[in-house]
Structure formats: C-alpha cells, structure tokens
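What follows is a pair of complexes built around subunit A, which joins subunit B in one and subunit C in the other.
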Partner chain A sequence: MDPVLVIQSLISGVMMGMVYALLGVGFSLTWGVMHVIHISHAVFGLLGAYFAYTLLTLYGVDPVVSAMVSTPLLFIVACAVYQVLIRPLTKAREMVVASMILTFGLAIILENLLVLVWKADPRLLTPSYASESWIIGPFYLQYPHLIGFALSLVGISSLYVFLKKTTTGMAVRAAWQNQEAARLYGVNLFRISMITFALAVSTAGAGGISLALLYSFEPHSHNLWLIYLFLVVIVGGVGNVIGTALAGLIIGVITGLSMAFLPYQWVNLITFGLLMVFLIFRPHGLFGEVG
Partner chain B sequence: MLEIDGLTVAYGKMTALRDVSMAIRADDMVALLGGNGAGKSTLLNTISGLVQPEKGEIRWQGQSLRGLGPDIICSLGIIQVPEGRKLFPAMTVEENLLMGAYLPAARKVRRQSLDWVYSHMPHLAQRRRQRAGSLSGGEQQMVAIGRALMARPRLLMLDEPSLGLSPRASAEVFAIVSNLNREGMTTIIVSQEVQETLSITSYAYVMENGGIALHGPSAALREDPEIKKSYLGL
Partner chain C sequence: MKKVPLIMAVLTVAVMALFPLLRPEVYYLSFLFTLFMYVVLSSSWNVIGGYAGYLSFGHAAFFGIGAFATAKMATAFSLSPLLTILSSIPAGLLAALVALIVGYPCLRIRGPYFSVVTICFAFVVDLAVKNIEELGGAEGLWMTFMDLPEETSRAIMYEVMLLLMVVTLATVYLLGRSRFGRGLTAVRTDEEVAETMAIPTAKLKIQAFVVSAFFPGVAGGLFAYYLSYIHPDAVFSINISILIVLMAMFGGGGTWLGPIVGAVILTVVNEGLSTFAQAEIARIIYGALFIIVTIFMPDGIIAYFRRWATTQRKA
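Up next is the complex of A and B:
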C-alpha cells in the first residue's frame, strides 16, 4: 500500500466522518431523549442542502452563510412539526414504533416535494472555491471538504456546549436520564422535547449542507444517509454526543480507507457488515448509552 | 398546611387510592406506613401532580391543587424525593443538585442553596464532580435529598429514603431528616422501617388497600400492642 494514499484517504475519512457525526448527533438525541426514531431526519438534511444550492445558484450566497440562515429557519419549522405531528404521539402506547411509521410517511412526502421543486437530477454545491485545494507536501485538502468539516466541527461543539453548560441543555440531559425525576423538579417534557427535536432538525440541515459540499445529492439521497445515521448512532451509543462524534470519525475512516483500496461494491458491504457486528455484539455501542 | 379530602385515584379499572383524607400542619413530621401496594407512593405522586385524581381535593394553604402539573406544584414548594432515588446517573453530583433548582425562583438562589446543602452533607462537597451513578447507595440517597433541598421545599415528601441502605447509612438518613424537621421543615416520610419512623415522627397514617386504615400520634401507635400486631407487623 502506498503510504501517501493511506494518509490521503485517512484525511478524507476524517472529514467525511465529522459530517456524518453532525448529521447523526441530532438523530441520536431525538432517539435517546424522546424515544422518537426520526426517519425523516436526513430529509431535513437534504432540505438544508437544497436551500444552500438555491441560494448559491440564484444569488451566489456562500454555503456557510446559508447554514447560518437555515439553522434558525429549520428550528422554527421543526417546532411546528413537533407540535402538529410528534407531540400527539406521546399518547401512543409504543412511541418508538409509532414515531418510526409516522416519520417514514413524512420522509416520503418530503422526498416527493423535493422532486417537485428541484427535479430528480443530482446536484452539487459548487461555490467559487470548489476546485481549489490546500496542498501540504504530497497531500491535498479540497476547500469544500475543509469547509464542510469545519462547519460540522462547529455544529457539534456548539451542541455539546449547549448540553453541558446551559440550564436548558442540562434539562434535556436530565429528561433523557430519568423522565419522572425531571418532571418532579419542574421540567416540562413537552417543551424540552420540542427544543430537542428542533435542535436535531436544525443541525441536520447544517449537516446536509456540509455533506453536500463533499458529495452530489438528489431527492432520494436521504435513504443512504439514513443508513449511515443508524450506523453512527449504534456505534456511538444512543444519545451520546461525544460517542456519536467519535463513531462518525471511525466510520468515516473505515469508509475512506475501503473506498481507496477496495472495489466499490465492497464499501457498503463492509460498512453494513460492521452494523450487523455491532448489533449482535455491542448493541449499546462502543461508548454506552450514557455520557 | 396540606389538606387531603376524599381522594380517589384509579389506574384504568384498578383503584389505587380510595377516599383518602389527611391533614398536615406546618412544622409537622408525619409518617405514612403500610405494606407494599397499599397506595403510599401513589398518594405522594398524586400530591406531586404526576397522577391526576378521579375524585377528591388536595388543598395547599387553602388553595386547590386540582389540575395543576408537577412543575407548578414544584414551584409551590411541595417537593418529593422519589422512591429508588431516581437520580440522573450520568450527571455529576453537583449537576444533580443544580437540577433541583431548575425552576426560576429556586435558580436565583441556587448558589446559597448549594452551600446550605453542602453544609448539611459535607461529604457530597468532596464528591461534587463525580458521576452520581458511581456513588454508593447511601451517598446516592443523600444526593436525592440534597436535590430536593435545592428546590427550596416548604413540604418535603420522602418515599422510602432508607430502602436498600446499610443500617449505618439508613441511620444517617434518618438523622438528617429529623434534623431538617427540627429546623422547621414540614415533612412526610414513607418508610418500611416502622419503629425508626414512628420514633422520629409526631403523627402517623397507616394505609391498607388504597385507604387509610388508621391514624394517630406516633407514640400511641408504637405502644398499642393490637395495632403493632395487625398493621405494623411487629
């Protein structure tokens, strides 16, 4: 194996992994805190990507600016989705199953709306610096990848600081670790669930924009993204932010290396073989559910 | 201070509380005794607003608590230390305590509250940065009581605070609770440790099958051989 190629694919893997981590961390939180497996999570990522695509092609707006605009917008949209669709589910006997079926339906509706508005053609985010790279010795780092990576790193770090340092963030963690005790000390579960859901969806939007800086996307791309989300969450541990970030990096590196050295058809086979292995031997992930 | 009148609670078709009435005066320390499934925890959870009653009334300083959620009831100063402690295991001791002061009024004075709690339970101060889940049972119970104190209770309700603790830790919990009561904390304590509980409380209610089977001054209950045999298993 060529060491330059190994390191080059490690670098790509780390960048890709950080983006998966940002997409996955919200998915993990809604799952852990609310017991909602949000199947349309990745579609909101695509929504972010199309939003950035439209602003870029029509007005030349940089994707980073779009991410800063889409985050509060998606937060508001997600609050409405929570109130109308998710909150009534709390009465359901099996929240997890009910939420999966409902959000699967939502994913199909949203995917078809994407086709209606943007057609089914693959798109690519091509800002002015799309073809530029930062060259260090034999290695090159493409600018769009660097920016997607940086965006994801900032997104995850902000979420982490929010959960650790703010009163509301602490209430989110409390509600996830013991709902009844959280209620006894005044935590309003509906409000906390709405905030969790909205944060998850808005970080998914930023994650979608980051991913769109690395790969082309089309209205059904969210299906593949979703499988990676499951993988990241299962390896990292449900609801565990740091675990999710590390899992994203691990999976990114594995995918990066197998893309460089194996025939394409092996890449997904290896990644999802890994998912099976985890489900059988470490169903709580590498880092556990609590963290 | 707290009056309960004809309270009836049902989970589906199963009646958990039937026609429960009791009164707790300010500064009192009241025992709630009875076997498993007698309805003690349901009564506390109904007072806390986690469970809504079918019939009857709970009044707090003359005001009805009907239809109020646990957050409002918590902000009124009615604070429960739940059975089995129910800590936030992955959070540190200090984060658990701070969660007790989550609502705005308690949050404003949380620094003073923290000092107050640490002065009552000095060894919690040493463990403030440790994960609550890693502590021993007795220490966890202290965190649970400390978390309740952070909410600035005017009525403290403890559900089985000594369950599963070593005799030494259990004695420590009873000492802290009676100490708080001497400082003026109105307290309801649910416990299976009948002798110990009757010796630190002034009045006791004994529950059976969701109803109040008998009540009276703790000292009298402790002396009556008939009651000891048939209700208290002594």
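Up next is the complex of A and C:
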C-alpha cells in the first residue's frame, strides 16, 4: 500500500465524515428528544444546497454566507412545520411510526417541488476557489472540501455549546433523558420540541451546503444521504452529539479507505455489511445513549 | 369468521376469479395483478410488522430473492411455463430460509434499531446480487415468457396471483386468531411481560419473520416471470420496502383488514394519479395524502373507522 494514498484517503474521509456528522446531529436530536424519525431531514439539507446554488449562480454569493443566511430562515420555516404538521402527532398511539409516515410524505412533496423548480439535473456548487487546493508536501486539500469541513466543525461545536451551556439547551437534554421528569421540573415540552426540530432543520441546511461543496447533488440525492444519516446516528448513539460527530469521522474514514483500495461497487457493500454486524452486537451505538 | 363475512369473502373471490372471462383489456388484468401482489406483500409484512410490532424495512429483500431465484431456475434449467410458475414456491422457501438465518441475530434488536438493521440487510442483498455475475450482475436476467396470446397469458398470471393472495390472506387470518397470533400481540404490547408469562418470544418472532418472508418470496417469483426480465433495481429498491410498510400502517397495522385496505387505496391512488396528472404533481398529491391521513387518522384508517363506529353507536 502506498502510504501517501492512505493518508490522502484518510484526509478526505475525515472531511466527508465531518460533513455527514453535521447533517446527522439534527436527525439524531429529533429522534432522541422528540421520538420523531424525520425522513425529510435530508431534503431540508438539499433545500439549503439549492438555496446556496441559486445565490451563487445568480449573485455570486459565497456558500459560507448562504449557510449563515439559510440557518435562521430554515429555523423559522421549521417552527411553522412543527406547529402545523409534527405537533398534532403527539396524539398518535405510535409516535415513531406516525412521524415516519408523515415525514415520508413531506419528503416526497419537497423532492418533487425541487424537481419542478430546479429540474432533475445534477448540480455542483462551484465558488471561485472551486479548483484551487492547499498543497502540503505530497497531499492535496481542495478548498471547497476544507470549507465544507470547517463549516461542519463550526456547526457541530456551536450546537454542542448551546446544548451544554444555555438553559434552553439543558432543557433539551433533560427532555431527551426523561420527558416526564423534564415536564415535572417545568419544561414546556412543546416549546422544547419546536426548538429542537428547528435547530435540527437549520443545521441540516448548513450540512447540505457543506455536502454540496464536496459532491454534486440532485433532487433525489436525499435518499442516499438519509441512509448515511441512519448509519452515523446509529453508530454514534441516538441523541448523542459528540457520539454523532465521532461516528461521522469513523464512517468517513472507512468509506474513504475502502474507496481508495476496493472496486467501487464493493464500497457500499462493505459499509452496510459492517453496519449490520455492528448493530447486531452494539445496537445502542459505540458511545451509548447518554453523553 | 362469522357466516356472513365468510360468504362475502367467498363471493368476492369468486367474482374476481371469473373476471377474466369478461375479456377485459390487458391493462386491467395487469393493474389487478399488481394490486394483488401488493396485498400479498403488505399482508405478509403485517405478521412481523403489525402483529409483532417489529417494523421490517427490508422486505423488498425477500421479494427480490424470490424473483432472482425463480429467474435463475427458469433460465438455468429452461423450465416450461408451468414449472416456472411452480418454481416460485421453492423461491419462496429460499426467502424463508434467508429470513431464518438473518432473523436469528436481528430479531434480538428492538424498536427503530431493528428497522435500521433490516434496511442494511436489504442493501447488502441488493449489492451482493449486483456483484454476482451468474445472476446477471448489474444487467439483470431475461426469461422467455409463455408462448400464448397476450390476453390468455396475462389472465393465467392474474389467476395465479389471485390464488397466492387468497392463500396468503387465509394464512394470515388463521395465524392472527391462533395462539401464535395472540403470542405475537403479547410481544408487541410488552415483550418483557410476555417473556415472564412463559411465552417463547424469541421462537415466535423468528416464526413470524419466516412466514412474513415466504409469501413475498413467492410473489417475487411470479413478478419476475410476469415481467420476464428482472433487474436488481426493480425488486430491491428501498422504495418497495417503504411502500410495503406504508400500505400496512396506512390501513392499520396489526389488523387483518388494514394492509388490504391500505394496499388497495394506495395502489389505486397511485395508478389514478399517474394516469391523470403530470408526474411531479402526482407525486406531490401522493405525498400530501400521507400527511393528511397521518394527521387525521394517526393510527390508520381501520382504527379511525372503528372509533367512529363506536361513537356512532353510543350517540
């Protein structure tokens, strides 16, 4: 094995993994805190990506700026989605199932709206620095990848700080650990759920923009993204932010290495085979559900 | 079954069996073939997903295994049409065997984690089939369809699928009312309590999983022959797995009638929409249907009407 190639694929694996982690944390939080499996999570990521794509092609706005603009916008949109669609589900006997069916419907609607507005062609985010790289010795670090990585790192860290340091963040973690107890201590579960959902969706938007810096995307891409989300969240432990980040890195590195050394069609087979074995032996993630 | 519903069921089946004698257009036979197939898929899924509450999101894997097993047998031994149709039974058994092997480790995992394992399982099978040259790889397998006029051949396949549907529904019905079915309901309600009550939960779950894999395997075999060309993407797609779950839960999981109602409504709506509206608009309406039904009938259509019926009686 060529050591340069190994390290190069490790680097790209780490970058890819961090981006998947940012896309995954919100998914993990909605699942852990609200018991909602949000199938349309990755579509909101795509929404962010198309938002950045439009601003970039029409006005030349940098994707980083778009990420900063899209985050509050998606936050507001998500609050409305929560009030209108998700909140009525608390009446359902099986919340998880009901939420999956409902958000599956939402995913179909949004996906087809994307097709109507932007057509089904694959798109690529190409800022002015798209083809430039930072060269360290024999290694290449492409600028778009670096920016996507940095964006994800910032996104995850700020989410982590929010959950650990603010009162609202602590209430979110309390609701994750035990909904009933949190309610007894005066936590308004509807308010906390809305904030969790909105945070999740807005980080998904930023994650989608980061991912669009790495790969091309089209309205159907969210299906594949969603599968990676499941991977990252399960390995990291549902609701666990640091776990999700680490799981993203692990999965990124595995995918990166197998892409470098295996025929392409075997990469996914290995990834999913590993995950299956992993789930059988450690169904609650590498890092458990508390942390 | 009480007498009146039993007579109604027999009459319905008889009418459907005689339908091809009216010489309908092939389109209707084709459409009903698909409809029966989805009833088989969602009703057998219901044994593990509805009765036992283990939501498998990988049932397309069993459907696909059946399809490829039949296609391979038919091409390898150049089977006659009758034998090809019959070969879907060993294909179903193969699917059941795979379920037995996979179910043993997977059914120890509960809740959403089980669902994710089954998604992975379906992917692994899909990718493995694409990588096996003998199964046509990524190109798929061609079969020769029976050498008869189109109306006759489609009518034959229609009757075969109808028969499979009747057998599946009868099995699921009887299982649901047996000791086995009550055991599964206990698993869904509270697995720990069921175990303390000396219900062999592990055994019941595996049996339920095997049953729920067998019928989709047979249906897959018939589907492969019906298309006479089979490609991994046509049978292993995650969308098929999701659709099976949605049909059952939409109608009402855990009830016998639920998956039938769900499969009929969703197949008819899908077909109607794709005939009358632009593809994207049709999909948007289809998605909106899921949202509306979940908000107003979060526990499925059957549960909603049952509750409605009881309030009517009280009033």
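By our rule, the second predicted complex is superposed on the first by the 291 of 291 C-alpha atoms of A that agree within 3 Å, B and C clash if a C-alpha of one lies under 4 Å from a C-alpha of the other, contacts with A are read in each partner's own complex, and residues count from 1 in each chain.
We adopt the following convention: a residue touches a chain if its C-beta (ideal position, glycine included) is under 8 Å from a C-beta of that chain, and two chains touch if they have at least 3 such contacts.
These figures come from a predicted structure and were not determined experimentally.
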| item | value |
| --- | --- |
| Partner chain(s) touched by A:A171 [first = subunit B, second = subunit C, both, neither] | first |
| Which of subunit B and subunit C A:M68 touches, first, second, both or neither | neither |
| First (subunit B), second (subunit C), both or neither touched by A:L124 | neither |
| Contacts of A:I76 with subunit B and subunit C, given as first, second, both or neither | neither |
| Touching partner for A:R183 - first (subunit B), second (subunit C), both, neither | first |
| Contact breadth on subunit A, by residue count: subunit C or subunit B | C |
| Which of subunit B and subunit C A:Q265 touches, first, second, both or neither | second |
| Which superposed partner A:V115 touches (first subunit B, second subunit C, both, neither) | second |
| First (subunit B), second (subunit C), both or neither touched by A:A92 | second |
| Doubly contacted subunit A residues - partners subunit C and subunit B | none |
| Complex contacts: residues of subunit C adjacent to subunit A | 55, 105-106, 108-113, 116-117, 119-121, 123-124, 127-128, 130-131, 138, 238, 242, 246, 249-250, 253, 280-281, 283-284, 286-291, 293-295, 298-299 |
| Subunit A - residues contacting subunit C, complex | 31, 37, 85, 88-89, 91-94, 96-98, 101-102, 104-109, 111-113, 115-116, 223, 227, 230, 234, 238, 265-266, 268-269, 272-273, 275-276, 279-280, 283-284 |
| Residues of subunit B that touch subunit A when the two form their complex | 48, 50, 69-71, 74-75, 79-80, 82, 86-91, 95, 98-100, 102-103, 107, 133, 147, 151 |
| Subunit A residues touching subunit B - in the complex, by the definition given at the top | 167, 170-171, 173-174, 177-178, 180-188, 290-291 |
